[in-house]
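Look at the two complexes coming up: subunit A is in both, with subunit B in one and subunit C in the other.
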Partner chain A sequence: MSGLFNAFVDMFDTATIASIVAGASALLFATMGETISEKAGVINLSVDGSMMLAALAGFVVAFETDTVWLGFPAAAAVGVAVALLIAFANIKLSLNQVAVGFVLFALCTELSRFLGNGYVGRPPVGVPAWGIPGLKSIPFLGPVMFDHNVVVYLAYLTVIATYLFMYRTRRGLELQGIGERPEAAHSRGIAVNKMRYLYTALGGALIGIGGAAFSLDVKLGWADRPTRNLGWIVLAIVIFGGWHPLRAAFGVLLFGALQAYAIKLVPEFPSLSQVLPSIPFPAMILVLVIVNWKALLKWLDRYPFLRAILRSDPPTAIGTRFEIN
Partner chain B sequence: MSLELRDIHKHFGPVRANDGISITVESGTLHGLLGENGAGKSTLMKVLSGFHSADSGEIVLDGKQVKLASPDDAIAAGIGMLHQDPLVFLPFSVIDNFVLGSPGAQRLDRRGAAAELSKLCERYGFTFDPHTPARLLTVGERQQLEIIRLLWLGARVLILDEPTTGISADQRAKLFVTLKALADEGMSVIFVSHKLEEVEALCQRVTVMTRGKVVGEVELPVPPEQLVEMMFGQMVEIQDRTEVALGRSHLALDSMRMASGLLSEDPISLDVKSGEVIGVAGMEGSGQDTFLRICCGMRTPAEGTVAIAGEDLTGQHYHEFLNADVKYLPAGRLEEGLIEGLTITEHFVLAGEDSNFFIDWGAARTRAEEQVDHYTIKGTEASTAESLSGGNQQRVLLAMLPPELTVLLMEHPTRGLDIESADWVWEQLLGRREGGTSIVFASADLDELLRYSDRILVFFSGRIIGELDAADTNVDEIGLLIGGRTSGGGA
Partner chain C sequence: MTWTRLSNVLLPATVVFVSVVTLLLLAGTNPWDPLRVIVEGSIGWPPFEEGSARKVGDTFMLWVPIALASAGLIVTFNAGMWNIGIEGQIIMGAIAAAWVAREVSAPRPLLVFLTILAGAVGGMLWGLLVGLLRTAGGVNEIFGGLGLDFVALSLTTYLIIGPWARSGVASTSGTDPFPDEALLPSLANSKLSLLAVGITVLALVGVWILFRGTLYGLRLKAVGRNRPSSFLLGIPTNRYLLGAFMICGALAGIAGTSQATGFHFKLIPAISGGFGFLAILVVLLARFRPIWVVPISFFFAMVAVGSPGLSLRLDLHGSLGGVLQGVLVLSAMLGLGWAAYLARRRLIAGGTSST
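So, the complex of A and B:
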């Protein structure tokens, strides 16, 4: 029992929380990217594959040039290329977003295994640690938030920037409009399909950067399919996040925390060692059930800000094409 | 701003939606655009608002030819369009809907915009809470929001496409007052409608369109018969109904209560004979929908019994009612009646009684073609449900009814239909009545209720407040009852 108690105390341990905060960077980038893309009406279902290929591209470029920072634009380029393919196939060729996305997922995954073969086990390249002078000495908050590296800080800044962009700027409101009711956006003079290309590409870039954040920061180096399943988790968290950047970021942290604690409990319940790591998934479904509770939503209609965060209706036009005749 | 459309052509595939249209609208006038469903009015207005681009033709504003390649161009030129289904973003707040698409700094100034909004609201007598999500607004309020948004963007020509569909009488009156005020301010208002009386009540001039062409333009007022003739080519005759002898009981309700716990509700007892037509009146949501759903077996009454052709079916499954030849056609034609994406042929196959495992598509298509022909549905057997106009959807629904019916229950049988289609629908229904079918229909159209019913039930706040013999009542009496006033004067 004392072990269980220790595990509970551990939950609030500075080092544990700091590791959850730092470990979230890759998921945060990719989740913001997917949120932006879906908010504009385009589902990028390839995330799991494009993140993987981007992680490889990031590592290879960083390794070959011996410059870790060059890995990130390379990874972003991969993400943009895949995302633009989906947008193009949907907008110009009238293909189904989900089908194209799924095929690209499989293609990118296999491509990353094939192209990355020679890089398995090569010495890793990592983003150097950099604590923010002054802020990092704040008790508790310092080590938890401000003693990581530039990539981690940027991940959180991306969340804030995505939120501010979507809800505080004209362009951001238009972004929401084209995914919600494209014909209404069109009637207001917004170039719907042009904007969809733009935001799908932006989302793809963030997904790519998420991949690089994984191979250059979270779990260094290249192995066989290092980011596998991460992309599917991204897709789930976007839904969990109700297409809201802040709630999605909360989902990423909740997921990371549940995962960390579940693993901590394994020594306590060795017989459940197979089950515990999967606890985060049903736990998140439970939270979804609660926030979708009708009575709660009705009550929240009176509090628009809270309601905006807790509402989880997908953008109405998600996955559909928009065509003017 | 004066406006001139010159020889506009627009076709979709083989369909000539606009075939050489020329219209002139003087500044400061309310100009009606009248025509039946599918006459090409909406297409023309979408061309004028930059939503569609015309195949050929010219648009001239204040003497200058303009090119409207996108809605952006139209807005910049001062043309604002209010679409039939107001194009608002339902989950977004009023203020977000207001500012979306407007020019200005990147940083959203919601407070500043809210001040502008409330200034305009004050001027036109509207009220909005800027933070309410648009999905909580009524259709009428969404229109008001769109109108002031377009005015805010500097619209000098305002186009309204069938704006009175789905709004209350109050909101309609308010809309008309607003439109008149706008015309007085020098705005050109184009009012697109298929409703004669609205165009007559509102407009100074009217252009009549049929089948993609202008068939006439007149200064109002003119005798309504003249407009009807322009629309349909000949006068629509209101024929007297043939007397039908009432037969045995087809639908019997005995001390039925719709919901438990409603003390005010008197139990309903009703006996509908074969060949009888019962009209159900009342404000939207006064209990008529529940009543019809109980009669067709989709809901179970709290108390009492429902019998079809003498057989007590209370609490039985909906399928038992179907087997007893009871059929219900709800108001939501595309939501509850037809299936989006399926063709007319597929609908007939689904509705058919054929029990073979494999479908004989050849025969099904032939049958569908016959029905399309017989019911004069504008479309082909391969048309999808959503591609049909409201009137043609109603035709498909009627065509799918089995030949023998005991009771036919309908909600708003002619809502959104032009006069010709509405008359056609009733021709079909009265034919069925002569075959012995009992018809129970809910309608908001008092003339329709009076003209076709034998008896009229008036609902008010969940109960029947009056049962009238259609032969000796009138619009006024029904109207008062719908408002909750019984003849004694009290509520």
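So, the complex of A and C:
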């Protein structure tokens, strides 16, 4: 038991928290992307596959050109292509978003294995570390937040920008409109389907950048299915976050903390060394289950403040098509 | 009219053909070679020739779990549910069957029956859990199912390196082999078990009858099409959803049994073989019709058995098989969607010109 406790105390030392923050960049980009896409009404279920294929594209381009920054646009392009395919299949061909998304998940995963086979174990290319001068010497906050690299800082900015855009701008209000009440948005003169293409593509780009952030920053290089299951966690975090960027960002950090904690426990329970690293995945989904539990939400209704923090209502028109009659 | 009907088939078929050939050309091989290797490696060339009994047996024994899982998924899809938890249901079936195989000693026919029963119950309970999370908890079945997949996967790994570790060294390569009495009876020189094949055929026929000739199936479909209306018409929708998950879970559990006692003969970490997810692709391609599940899942089983030969014979990575399956399903979906789109446009154009 003391092992459990010690590992828990260890969680709060500066280096561990800094590593959780540094490792969160890939998931932060991808969850913001998926949140934007779902907010507009399009579920991109392919994340687990498209993120992986984008991670490969990012690594390959960075490796071949020896320029790490070129990996990011390449990865974004892969994410955009997959996202646009889902939007097209749904809007134009009236196919089910979830079905197309699932097939693309399977296809992209296998494609990443097939195309990436020759790149397994190649020397990694990584984003150079760069602490922000001045800010990085603030006690505690400095090493935790401002002593990483540009990708991590961009991930923070993406979260803040997504939040400000969604809740503080007119365009953001329109984005919510096309996901909540597409008919109403249409009657206010918003081109619903055009906007859905746009936001799904934007979401796909961020998912792709998340993939590149993984292979070029979080865990360098290429191995068989490196981002396995992270995409599903992204989808879970979006729900956990109640389609709110800041709450989703909190979910990402929570998942990172669970992962760090599970790894810290390995020396205490050597017999579970194979099982512990995979525990955060079911744990995260269990958290999601609890947050969604109807009975709990009913109880929470009596406490509006808690309800406001914990509620998780999907955009009304999520997963549906919009057709002009 | 004939042209319309023809184009509904030809257009998707052309799209599929062109995309598969393009893919193989891009992979740097002539399109014929990989297909030949897959056919040769799975059923032999010429098909079913003498001496290919082992390969054919393997192919059939992978057809069994894929087709069983597909049969189950047809039920949940008709109920309007995305049972992504099917992987976990297969795994729990395998674990339950492995438990019986390890702990119970009985004469062979009884023991085999008990392993199959245990597999069905294990999968059914795991499916029921997804259903309960959905109906009682309001948790979307995709995520409840996915979470339970992860739990089942962790449980397998834990059992294999923990309580059921192989005598001597604990390793992730699997448990000790099951005793012979617990294994599915098979033909000589191959893993082919007529019992497993028979159960699979029965399951497919059963699902076909369920939606063709029973009130239960009709109501299940109604629940899938429009839950609020079905509820208002007096159908206990939640009970029907749970029923669908239990049927699917039971079939997936038997698939897991077949994987454990009919193919690997022990419990291994990747016991499901990913066939649950593969079955989702099969059912999407078969457009939820049991009859089409038979050839499609057989082809997918051939790809699964024959793909490893790609790296040996053609120096192509074995995942090409998976890419092929993905391209096939995606292009078929897009092709069919496109044909339907053109048909709709013709309808609209025809409507306006006649008025």
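Following the convention adopted for this analysis, the second predicted complex is superposed on the first by the 277 of 325 C-alpha atoms of A that agree within 3 Å, B and C clash if a C-alpha of one lies under 4 Å from a C-alpha of the other, contacts with A are read in each partner's own complex, and residues count from 1 in each chain.
By definition in this document, contacts are C-beta pairs under 8 Å (C-beta built on N, C-alpha and C of every residue); 3 or more make two chains touch, one makes a residue touch a chain.
Note that the structure is a prediction, hence the values are computed from the model and not measured.
Of the two partner chains placed by superposition, only subunit B is touched by A:T316; subunit C is not. Set side by side, subunit B and subunit C differ in how many residues of subunit A they touch, and the one touching more is C.
Once the two complexes are laid over each other on the shared chain, residue contacts for A:S137 go to neither subunit B nor subunit C.
By the touch criterion defined above, A:S271 lies against subunit C but remains apart from subunit B after alignment on the C-alpha atoms of chain A. Once the two complexes are laid over each other on the shared chain, residue contacts for A:I285 go to subunit C alone; subunit B is not touched. Residue contacts after overlaying the shared chain place A:T65 against neither subunit B nor subunit C. Contacts of A:Q176 after superposition on the shared chain: subunit B is touched, whereas subunit C is not. In the superposition on chain A, no residue of subunit A contacts both subunit B and subunit C.
Across the interface of their complex, subunit A is touched by residues 12, 49, 51-52, 70-72, 75, 81, 83, 87-93, 96, 99-102, 104-108, 131-133, 136 of subunit B. Subunit C meets subunit A in the complex at residues 27, 82, 133, 136-140, 142-144, 146-148, 150-151, 153-154, 157-158, 161-162, 172, 277, 280-281, 284, 317, 319-320, 322-323, 325-327, 329-330, 333-334, 337-338, 340-341.
Residues of subunit A that touch subunit B in their complex: 168-174, 176-177, 180-181, 183-191, 301, 304, 307, 311, 313, 316, 324-325. Across the complex, subunit C is touched by residues 45, 89, 92-95, 98-100, 102-104, 106-111, 113-114, 117, 229, 232, 235-236, 239, 271-272, 274-275, 278-279, 281-282, 284-286, 288-289, 292-295, 297 of subunit A.
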